[in-house]
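Per-chain numbering from 1; labels A, B, C, D and E assigned in written order.
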């Protein structure tokens, strides 16, 4: 039998205005096992906590019930208080009489009546609470960053700088990600490559960082502090350690018709190639779909020209297995496919391009060496129409677009428009927009400059249709402010395509058992308070995989994620959540139902010898839960028909006691 | 017609016993009357010769006995009718016994009688009953003989047989059959078509007769817990006798829920119920719901298959949609 | 004086009886299960001549669950609430000779000191009309235990022929009730049922179990029977369910449990079965570990222990219910027959 | 076995007892959000926090009815959003099966419900509770799955 | 009309714990009286009572106080399950329910009269014997020599240690022999298991043996006594067997034709031999 103390918080007037806190404390006194009950203005204040500690000592309390705000708010606080008072932190139950009572019920009698019932339920539960001690597990002091864009690079650098080894897994042959494809960055208009490539080199040279490029994560096992990951490093048919990146092979290869993905297929490279000049690692890679040698065994030119002897046609995929303490997802984004938007004629005309394609067209390393030329005829465009929100904020275009705002388009379009007007003042630039969103340091100033200094035509309204006609693009649009239809003969139409999470994110999330929202963005543990952590312990989020972001935001989140990782890796051991499943071996019959539903693979089976009452022994297959792996969802407890499986902290009898108390 | 006779089984068993291949035989033992056949373990050909029977009353499902029998030394011979073989597989799926210690002989079946069915046909002074071709012949003390078509008077579980196919065996005697459709969900559908009130009245009448003898649970090949929640004072739902109408519903709902997706629809629960409660209609409701909502699934059809309630698809229907369908 | 009424007037008599006190009688079930069950009489119900009801008549005196005492707990204080109320008179009609004999078996347990007041109150208020068994079943073996189904006891014994129903008051209680029926019943000679009695006796002799004997059993047979090796094979297929116990008119084991209603505690008793593995479990162990031991306990109790304490009276009345309902068809007849055989291998163990 | 026959005042308004099981990560947070936004719903709803909707055993639901609940609602994360990745998918199957069975036994289907409420859906939480409470209230007291002993 | 005028053994009366003494780490002794401060009923040495906390359970316990104590009853209870956990958590003033007395008693006024008595107890097994011992002490002149052998796992596990030391040991004509299973600091008494100690002490057979303790201890002690020449008909024990009704009806404690709660719990070993072997 517990000796229970009940503490009713007023929360100033938040609770006390609609709940008669004194009446709640008095009612609690009548419950069996309650030996002390009181109310106080702010239970969570230092004075309130001291009051609890004093009461524990004075009344030899063994269990505490705090009637206050949501346990999501202060459960941890009061558990610490309990520990300070010398009782097990898990002997505390919170009755949520604020969010779920005083704030949602208007009159005092109703609120008080409900608060009393909630208090009784918590009392009933705490009667059955047992002291719980978290298990401990070791932490592997190595981190894995999945994705080698600016987010992944920044996270890796920060972790490495703190002295922990970190691996970057990048699916492309080089790190750099989307930022490497950009020309200039807003709002400063500095060159993307100039600020990114030094970081790429830093990463390559940092002795704590290992870059595993051209690779993907295949399997993730384990749990926070103890992940075990299998990485498949695809064969690039070039020995990475030997290749000097001289690039000779990429000039001699006879197969020239390989679409250049880095330039969004707007030009070609050879079957052996280096994605771009500043690639890291600067190592050639053979595209097996195009290489004659690999396809039909005839050629071998690259091997002949390679003085380093780095070419290896027999190279196979390599499986790397490694243990990690923490994993950072930095899988980034992609523009959505705009082909489905028939009205913009993207598939019909080469001169309708996406903004990212526009970046490559204006980039000095791009297919046109930085000259803005129409993809169709290589002519200089004189009229350019930018269409904003293609697929963004698009509630009605289900299946094609996204409901959310892609956040970065307003700013990069302003940048594009400004750059065009700057370089080619003879060009007329129209921007069609729903709204122009420019919150951010120096963002609105930047936009105003585009309009005011560079004379970009910003027109509020949507483009209804783009029709290719006689080498021109007939743009039909509406000007909402002037309330008129516009017809523009454009040479180039640039679509600000919505961005979406990379396709690799969903399967990765499944492997990581990290949750995702319906748009496939990773869900953060808390949208405000834990924005860089996934709800799954040990999994962190960096960059646009969590939601649309520009570069400064990405970098700050990347560093934030790194800080979290460093915090985790700095611990030698981790205390687990003691509210985990537990199997009663005497009752378990080994049917495997529980293991079938466990999302973490926390349940294994052992053959155990039991001494029977008649002094014989019997070997039985029984379930055993790894408390470090179990996350405490409780799926197994319901799958188990005999009730052998129970969940600490939420035991069957505890929940039933709550039910009883509520229904009384 | 029973193509496999007592003699066929006897010869087979005697040979296996003699060769030492098996050390025991799970079989049916003759009783005082025609209908009170008891499951028994035979250890010699002589014992079998004396007491082994195989006739229209050899209906008991032996699969569950294998848990106990395989714990002993040596191999045990078991005869599996089609429906028994599903239970057999399901028990294997749940690691309940060691397959290596069983020699399973599949036998075809075209429906078995049971005591309560025959007694319902001849409530007063039943002497014996046997099969004669397509007929069931019942001899009585006071009312002479009754001759009835065999197939039409089978107990419900056999009239609505799910399968004539033995799905697990080491050796098949006679010809194996196929999975059959005998409208086993018709009764469930009929109930579903009734109004909520009518259904409530129906089940109230049925379940209120329950005496909580636990025969349904104890015979059920899916109920193999070390300790049933209803026997466990710590479970919070322990109850021994029905003190309130709530408890009879709770017991039967939870019993059916615990075997949902694992029940092979062998019908033993209804057969053994001394109060003739149609318990199979509860189990079948779950099977029917599972089939309609999550795709056809027959527990025990395949060893090692994953039961529907420990499985999911992301596109599963919502509870509300399932309910709509069940309440046409 | 024996009385009678035509079969066609039976319902009028039953209606009149139900006016004297609530009347319970066997009525065939509606729906799928048409077997007879004791049902509270309402006008128009038809008395079932079926030999045995599914559940025995013991339920009326020893119901499956029964509230013993209630408590209210308030802090350190407990209030004890006695829920007992004096029962009303009630009439049981159509009780067979075997079931009537079972009351004797139960009486010796519940009415011995200290008297079980719950049982006693019901017993005092129950008026039993027995019915002679014109068509005994193949599972009947009451004669084995000295019961004569042609001479059923009770407050009133009844006989039924194709044309008439006869009533013979055996006790004062019975006479009082019959008197209340007034001229619904006509007087007749006791000898008019003689033919019926003879018919019953001859039919009993022709039953398949008529030769079953209790010779091998009784209070003095403990040592011989307890260690018999054949218990092992008799019990091996027992499912450990409670069917036999619960349909048995003489089984009287019970459990006492507390039920917390949320605002008080009901202490109730409910039937229990010695076949259940939990029956004798205690914190320090389990005296009867195996199903064989529990199975043996049930039959030893009926055939040895009970007679030892009750002047040789067996705790079985041969009603045959367990023969009909055991899921695996193991029953007291098979046990008695097997153990009565002089087994050749008996000495080997 | 009734303990106490209390006098039920005939014209007193029926106030249903409703148990809401809410998963810690989504629905309980959704309920908190409803509170933060001061979105009122009937006080008849009492919430029990569980780590995941898949922790809810059918026995808890029957227990609630036994002990006097007139309705039971179970709230969890939207399918696909389970904190434990798959818990609510199991919940969905289990509860679909259980509620279908209850209805098969004639228990009014409006007494049970599964609803997916995310941490962001405070308004949905309040609206759902409002609606559920009204439906249950319209049904009147739970008679079909009650335990008379537990009625005061 | 209420039937409350009929007596009913199954309906308990109220008891109040007026004193709770901690004997050993897992044994407490509870002093129980009715709310008006009287003894709940009269009992004989060796009889039991059903104690209960409504909603938790009901169980049979030996009455450890002597019938000669006319103020209250005492129960020494070892913590070993749900109800006993509750009893141990109880505070003074808590009400419980009590019914009884149940079972037969030690034949203190018949078979024991005028005899030398040898009490042998192990652990909590002293509880039922304490009632007899104190009865015998009260009527000291009706009995001959009294020997008490009492052993436990350790010094701390000796129940009623204060009473043994302060009263029993000081009384003339009562020889107390204490032993503990293993050596322990602060213990200068005998060390060893009870059956061995009994053998060492080598009692003459001119007395009646009364044994109570764990089943294994009873078994070996009886063997030791038999070796010393005791016959089974001069040795008694008291049995533990799960009892429910206490009045020989519910069938739970039935062994052979005996009901432990009614025909026992006190048995002579020759009587036990007549019962089927279903106890330890």
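Methods note: a contact is a pair of C-beta atoms (placed from the backbone, for glycine too) under 8 Å apart; a residue touches a chain by one contact, two chains touch by 3 or more.
Owing to the predicted nature of the structure, the values given are computational and were not obtained by experimental measurement.
J.: Under the document's definition of touching, what chains do chain A and chain D have as common neighbours?
T.: Both chain A and chain D are touched by B, C, going by the contact rule given at the top.
J.: Chains touching chain A and chain B alike, please list them.
T.: Per touch definition, common to chain A and chain B: C, D.
J.: Taking a step as a move to a touching chain, how many steps at least join chain D to chain E?
T.: 2
J.: Select, from B-C and C-D, the pair of chains that is joined by more C-beta pairs in contact.
T.: Result of the comparison of B-C and C-D: B-C.
J.: Any idea which chain sits dead centre by C-alpha averages?
T.: If one averages C-alpha positions chain by chain, the most central is D.
J.: Suppose chain centres are the mean of their C-alpha atoms. Which chain sits farthest from chain E?
T.: Of all chains, A has its centre farthest from that of chain E.
J.: Would you kindly tell me how far, in whole Å, the mean C-alpha position of chain C lies from that of chain A?
T.: Spacing between the chain centres: roughly 71 Å.
J.: Using the average of all C-alpha atoms in each chain as its centre, how far is it in Å between chain B and chain D?
T.: The mean C-alpha positions of chain B and chain D differ by 36 Å.
J.: Chain C to chain E: how many Å between their CA centres?
T.: Centre-to-centre distance between chain C and chain E: 39 Å.
J.: Rounded to a whole Å, what is the gap between the Cα centroids of chain A and chain E?
T.: 68
J.: Quick check: what residues of chain B touch more than one other chain, meaning two or more?
T.: 229, 236, 243, 309-311
J.: Can you tell me which residues of chain E touch two or more of the remaining chains?
T.: In chain E, no residue touches at least two other chains, as defined above.
J.: Hey, what residues on chain D touch two or more of the other chains?
T.: 1, 58-59, 63, 67-68, 80, 86, 90, 94, 149-150
J.: So which chains actually touch one another? I want all the pairs, not just one.
T.: Here the touching chain pairs work out to A-B, A-C, A-D, A-E, B-C, B-D, C-D, C-E.
J.: Help me check something: in the complex, which residues belonging to chain A touch chain D?
T.: These residues of chain A touch chain D: 70-73, 96, 98-101, 103-106, 110-111, 113-114, 117-118, 121, 510, 513, 515-518, 523, 527, 535, 579, 597, 599-600, 631-635, 637-639, 647, 650, 652, 655-656, 658-660, 662-664.
J.: Across the complex, what residues on chain D touch chain C?
T.: Those in contact with chain C are residues 1, 3-4, 67-68, 149-150, 152.
J.: Contact residues on chain E for chain C in the complex?
T.: Contact set of chain E toward chain C: 1-4, 6-14, 54-58, 80-81, 91, 93-97, 215, 240-242, 244-245, 247-257, 276, 278-280.
J.: So in the complex, which bits of chain D are touching chain B?
T.: Of all residues in chain D, those touching chain B are 1, 58-59, 62-63, 65-66, 79-80, 86, 89-90, 92-109, 112-114, 144-149.
J.: In the complex formed with chain A, which residues of chain D make contact?
T.: 17, 19, 24-25, 28-29, 31-36, 38-41, 43, 46-52, 54-60, 63-64, 67-69, 77-78, 80-87, 90, 94, 119-120, 126, 150
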